[in-house]
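Right, one structure below, let's go through it.
As written, the chains take the letters A, B, C and D, and residue 1 is the first residue of each chain.
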Amino acid sequence: MSRLFSWEGFLFACLAVIFTFNAVAAPDFLSISNQINLFQLSIEKIILALVMTFVIINAEIDLSVGSMMGLSACTFGYLVQMGTPAPLVILICLAIGVAGGFFNGWFTARLGLPSLVVTLATLIGFRGLARVMLEDRGIGGFPDWFAALGQRGLIGPVPFALIAFVALFVALYILLERSGFGRKTYVIGSNRDVADFAGIDTARHKIIIFTMSGLAAAFAGLLYAARVGAVRGDVASGFELDVITIVLLGGVSIFGGKGTLVGTLLSILIVLNLRNGMALLNITGHIQTGVIGLLLIASVVIPRIKLPSLKPEAAA
Amino acid sequence: MGLISRLSPAALRILALLAVLAVVLIFFATQIEGYLNGRLFNRISSSVAIMALIATGQTLVILTRNIDLSVGSVVGFTAFATGSIITNHPDLHPLLLLAYAALLGTAFGAINGALVAYARVPSIIVTLATMALYRSFLVEYSDAKSITTNSLPSWLTDFPNLPVFSIGAMEFRAGFTASLAVVILVHLCLTRLRPARALFAVGSNPEAADMAGIDAKRVVFAAFALSGLMAGLAGFMFLARFGTITVVAGLGFELKSVASSVVGGVNIFGGSGSVIGAFLGAILVDLLETSLVRWAVVSEFWREAVLGALILLAVATDTLLSRRLARLRAKKGDTK
Amino acid sequence: MKPVLALRQVSKNFGMTAALTDMTLELFPGEVHAIVGENGAGKSTMIKIMTGIHQPTSGTVEVDGAPVVLNGSKAARLRGIAAIYQEPMVFPDLDVTENIFISATSGLLLNRSAMRRHARELIARIGMTLDVDRIASGLSLAEQQAVEIARALSQDVRVLIMDEPTASLSAHEASELRRIARALAADGVSVVYISHRLEEVFELANRVSVIRDGKHISTKLISETDPQTLIAEMVGREVGNYFTKMPSTATAETLLSVQGLAVDGVFEGISFDIKRGEVLAMAGLIGARRTDVALALFGMLKTSAGTVTYKGQPLKITSSRAAIDNGIAYVSEDRRKMGLAMALPIRWNITLATLQKYLSPLGLINTGAEITTAWSYKQKLNIRTPNTDIAVGNLSGGNQQKVMLAKWLNMAPDLLIVDEPTRGIDVGAKAEVHALIRAFTAAGGTALVISSDLPEVLALGDRILVMREGRQMAIIDHADASQESIMALATGQKDAA
Amino acid sequence: DTIKLEPGKETNMVLLPKFLGILVFDQANEGAQEAHKELANPGKLEFTGPTPENSTAGQIEIMTTAGTQKQGAVMLSNNAGDQIVPAAEAAQAAGTKVVTWDSPIPGGKGESVFVAQVDFGSIGTVMADMAMDILGGKGKMAVLSATPDASNQNAWIESMKAALAADPKYKDIELVDVVYGDDQAEVSYNRALALVDKYPDLGLIMSPTTVGIQASAKAMQDEGLCDKVKVSGLGLPSEMVSYTMNGCAPEFALWDFRDLGYLTYYTAYGLATGQLKGDIGETFTAGRMGDYTIEADPGREGAKRILMGPFTVYNKDNVEAAAK
């Protein structure tokens, strides 16, 4: 290893530094409640980041996740207010997620439009649908069990969403790093033609991944509704950029074919701890995002710093 | 068919796009009475002036297989900084002020370019980061003051709407005419100047560009610097047109400019596209937005939904259309 | 006479692999200097140092006797050093004209009509026909190669390096190219010519240098050496002459029968049978559309007419999946585009087409079995790599070719379609690949071999199908086939019997 | 019996605006800092906020952290609607008082008391009256609001509709449309012009947001429509002065954000130090601003408010002085 750090190595070092710094500088940092809040506050984003890892390794991108979250959350509010039983509504919302994801996937994989363009359009479109439903209203007053699911601990102080996140991580880790599906995800992301010639239905695979992304976004939208107990048209707008930032910081190549879920997890922990630490020190929002931005660039540049001795060329 | 086989794919794209534009115009003309008139032209032209500049810069970057998400923040910052300079030195020479805005924008662009080209950081990462950074600079720099119209000299605030010349009821105002001139100038450079072709080469096949002795790094750097310059000019226009500048100035321009470019048939994977296309794309998006507000059939709240659908539709038709035509051409090409 | 370009004690390491060690080489104006060596010997690496793509780890490069630092291909170009690389380098979005003049520097304004005219002249000079307004994305490998040569010729060169330029050319274009090389040398250009085709080396070169394992072995006047010596020097051992045709292993059973196969505007009227255990070779010039026939059989190209009978059953193949499920494999002629995922490990590439075999009922990958497979192919095909986990992109061209073969052999196909199986492969490896194909057919497999290398066609084909411009000219038995007869059909001098 | 707040008690407090970088919020901060000194609070007063594009999530985050930090009180100009409620309730459970100002929590949950700049009902009447005399009692008016999710703008528009419906004197004033400029200059500017195109006989654009009102005024001025279409609503004197003087925006209204911050701090300090219970009927002295009483909020079921008032209506006569 002639590199000064590996990407993961660098991220891990960052995490260690940030964590210790927080623990020293902010007395409340280590408290159980804060450690849980730290996840809860961005639980939807980090769940989306897990699936976005698949999308980007597959050499695609999904800008519509924030809007799909909004659409699902607003649909929930709208239908619940109309008196539809919540469990049914939840199924409907998830179905919408599947449909929306499939839509993105179909236009990308079958029609061959760039996903950046397709999901840019649905970023606007899905948001629009949410808007059509709720117009200028905000809707709250969800069933208690639903609100409780989002706001109170399920096992001890640990809330449902956090458990879901952990479970999802394990499942997706196995799927990406151990399964044939994951292998295909890498190959298609690295060179789609080669995958085509190897008899892989790449279009189908891409559609599945976009559908996963849509489903995850719908699920995240519901978690959000449960956590904040009210919804309105602008729910989760702009989340997509935070999610993508996390994934890229995790070392997933925007050009596809490269990256790991462990990297994503590390970057999730970094971003969350960094934000939480700065918040505890009353550092304002725009400085926080600024710092994350710098870190994002550093995470690419610093691992590139070579030891003076033996220089490797980038492999052809 | 003969014609089609002689036209370049780029020209085909433009034609396809013009067709889409025409369809949209005709459609709304049937929906809204008193729609097709000089007033519409004036509205669209003066409001598209700013996005046209940004989309042009964005196109230069996309051509090199990169993307610039920081343009919105650059517009915001330059607009504000330029505003505060002129507020504090009201008798500063107009050209100096313009130069200041241009310089500021170029500087921001150069930072992006250096990181992408020389530090070899993927552009989406760099500009995602600088989008946040530059916006933070603005919040710090502004220190919660905002620039107000009445603190600006009248030459500045009047500039965008000065009628230059007019065809019937269609006024060509200074703001629009200026940015139209810029767009045309850039287009001419792209198509006529040898160095400009490197932009396409790098976007089309970076490795090959390297081996063909093209300094890809310098080309990419230049593209970002120019995109910054365009954003800087746009910032100047933004200040002149809206007068009041707060920390949210230019928020969301990044995605809108990307939308304009891709709707304008610029290939998001680099190598092909034209600033004229991006310009038409910007017009199309703007036209849709304003027309939808005026369209009685859809409520205010339908706007985004319809807009999203229409953008997708526009891109899909444009792509499929030019793909089919290109295939026809290729067939002809073979048979000789 | 002073050498125009010289390498002195040049070494190059890629991390741990030493691609070149103490390489010394002198190039004189007006000579055609051939360089031969096994796959991975270091030829391309040496070229990339001469053209400033790579910087030497140690040693110096001299131009006109003065040491220089060539940082980047631009610096090399300014000194009149140009190269045509093993893998064609074109700009898919630009038209042929722009592709040719992209690295020109003279003049700020473009004069399109003049460029077009000049481009036509250059293409003509190569003896190709090509619409200079065509967008490069549609070009075949050969056409891409032509564009590259034209590009090199477009600026006045003092040293022109050709890295296996004829690898993707058929005999016809190849001879045209050699003519150009000779002409340039006559004009005082120093031509470096890398090739695995010894016959053309002896036809063309004044001097020849042999490289083995990144070391300089010998430099001789062509008159002072002969093929067997060269081969011995290249591989460091004697190789059995691979041109000798082995007896056919064809059985009576017809595996595949194609009747009047056609794809609109591409090819038509293709009809042939292949018996189990047989090798059917497909010969033809570039653009003969053999690849397209293969693509159609492999379900990657929609056919517009014709019937395919496979194992006695009528068969309609609409996807590569269907083809693979029916035991049909296709080894592409284009490694980079359709052959290998260059950034991914060798192992992943080898098991790609057969991933199902390595999946547990839960869909999880059995890595152990995978490694065993990959390693066994590394041994069998002796792929030069420390392990099978490094990115296949780091291998030399020839070794990449072997990995691609391994991928398809691993599915133990009934019908193996190989497109230019030995393109850019050295004699040693060539013999191995031929042996592999023979072993495959001997074991009851059936092969359809597309090749532009006539000796290869004759060495492998039990029968030979000759194509020309999308039409089937004839099917000849090996007995009555000769390079001449095939060329005659391929070039249309002789019409279908 | 008015409570006199005893100074010098230590409590840390957070002033949390919708987002940073907006003039009025800084003015509120100045007011709060002034009160902070007056009351000689040894504790810290933090002025911190989210970024514009991340306002909702950011406010929720800061509110949550405040609870963790055991802050004495959070003074919130709410931009998150009812989505802030769980965080606010959690903070209160952790002993942090939540006082809203400028923009309340719509459902009233999770907040101790809302310091209302003016009576939301009366904003409607004031806007209706301004429309009345600008249109000369008769004509078409359209509303250009901020975002569809800005709860106080929505409340004000509602109250204006109510006012228009309630009194027959407004019967000839027709509210034709409500559009949204997303509190962004360029969007608001284009929407304003689109309104003019959509309703050829439009007489007034009413914009209850500082960004919208000045963008509309600028648009009308640039297109030379000022004598046809007037602009009014809620705006900053410093931004509106020129338009008021040249007649594009003859009248508009606003309140003093410095005072609002000042009063909010007094209220929050009182609650955080336990000197105020936060019960209806409690009356206390807020330094230079005099006495205020906690009352039921007529606009929001079961919520409490402190009404600051009054409301300044600006026109040719007073705008220049205020703009200084």
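As a working rule, a residue touches a chain if its C-beta (ideal position, glycine included) is under 8 Å from a C-beta of that chain, and two chains touch if they have at least 3 such contacts.
These numbers come from a predicted model, not from an experiment.
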| item | value |
| --- | --- |
| Common touching chains of chain D and chain C | A, B |
| Pair of chains ranked first by number of touching C-beta pairs | A-B |
| Centre-to-centre distance between chain D and chain B (centres being mean Cα positions), rounded to whole Å | 36 |
| Geometric centre distance via CA averages, chain C-chain B, whole Å | 44 |
| Rounded Å distance between chain A and chain B, as computed from the means of their C-alpha atoms | 29 |
| Residues of chain B whose C-beta touches two or more other chains | 135, 139, 301 |
| Set of chain D residues in contact with two or more other chains | 19-21, 51, 53, 148 |
| Chains that touch, pairwise | A-B, A-C, A-D, B-C, B-D |
| Chain D residues within the chain B interface of the complex | 19-23, 25-26, 51-53, 148, 177-180, 183-186, 189-191, 193-195, 197-198, 200, 211, 214-215, 218, 222-223, 238-239, 241-242 |
| Chain B residues touching chain C - in the complex, by the definition given at the top | 8-9, 191-195, 197-198, 200-201, 203-205, 207-215, 267, 270-272, 326, 330-331, 333-336 |
| Residue ranges of chain C in contact with chain B within the complex | 51, 53, 72-74, 76-77, 83, 85, 89-95, 98, 102-105, 107-110, 131, 134-135, 138, 151, 265 |
| Chain D partner contacts - residues on chain B that touch it in the complex | 34, 39-40, 43, 47, 50, 135, 138-139, 142, 144-146, 148-150, 160-161, 238, 241-249, 251-252, 289-290, 293-294, 300-301 |
| Chain A - residues contacting chain D, complex | 28, 31, 33-34, 37, 41-42, 131, 135-136, 138, 140, 147, 150-151, 227-235, 237-239, 275-276, 279-280, 282-286, 289 |
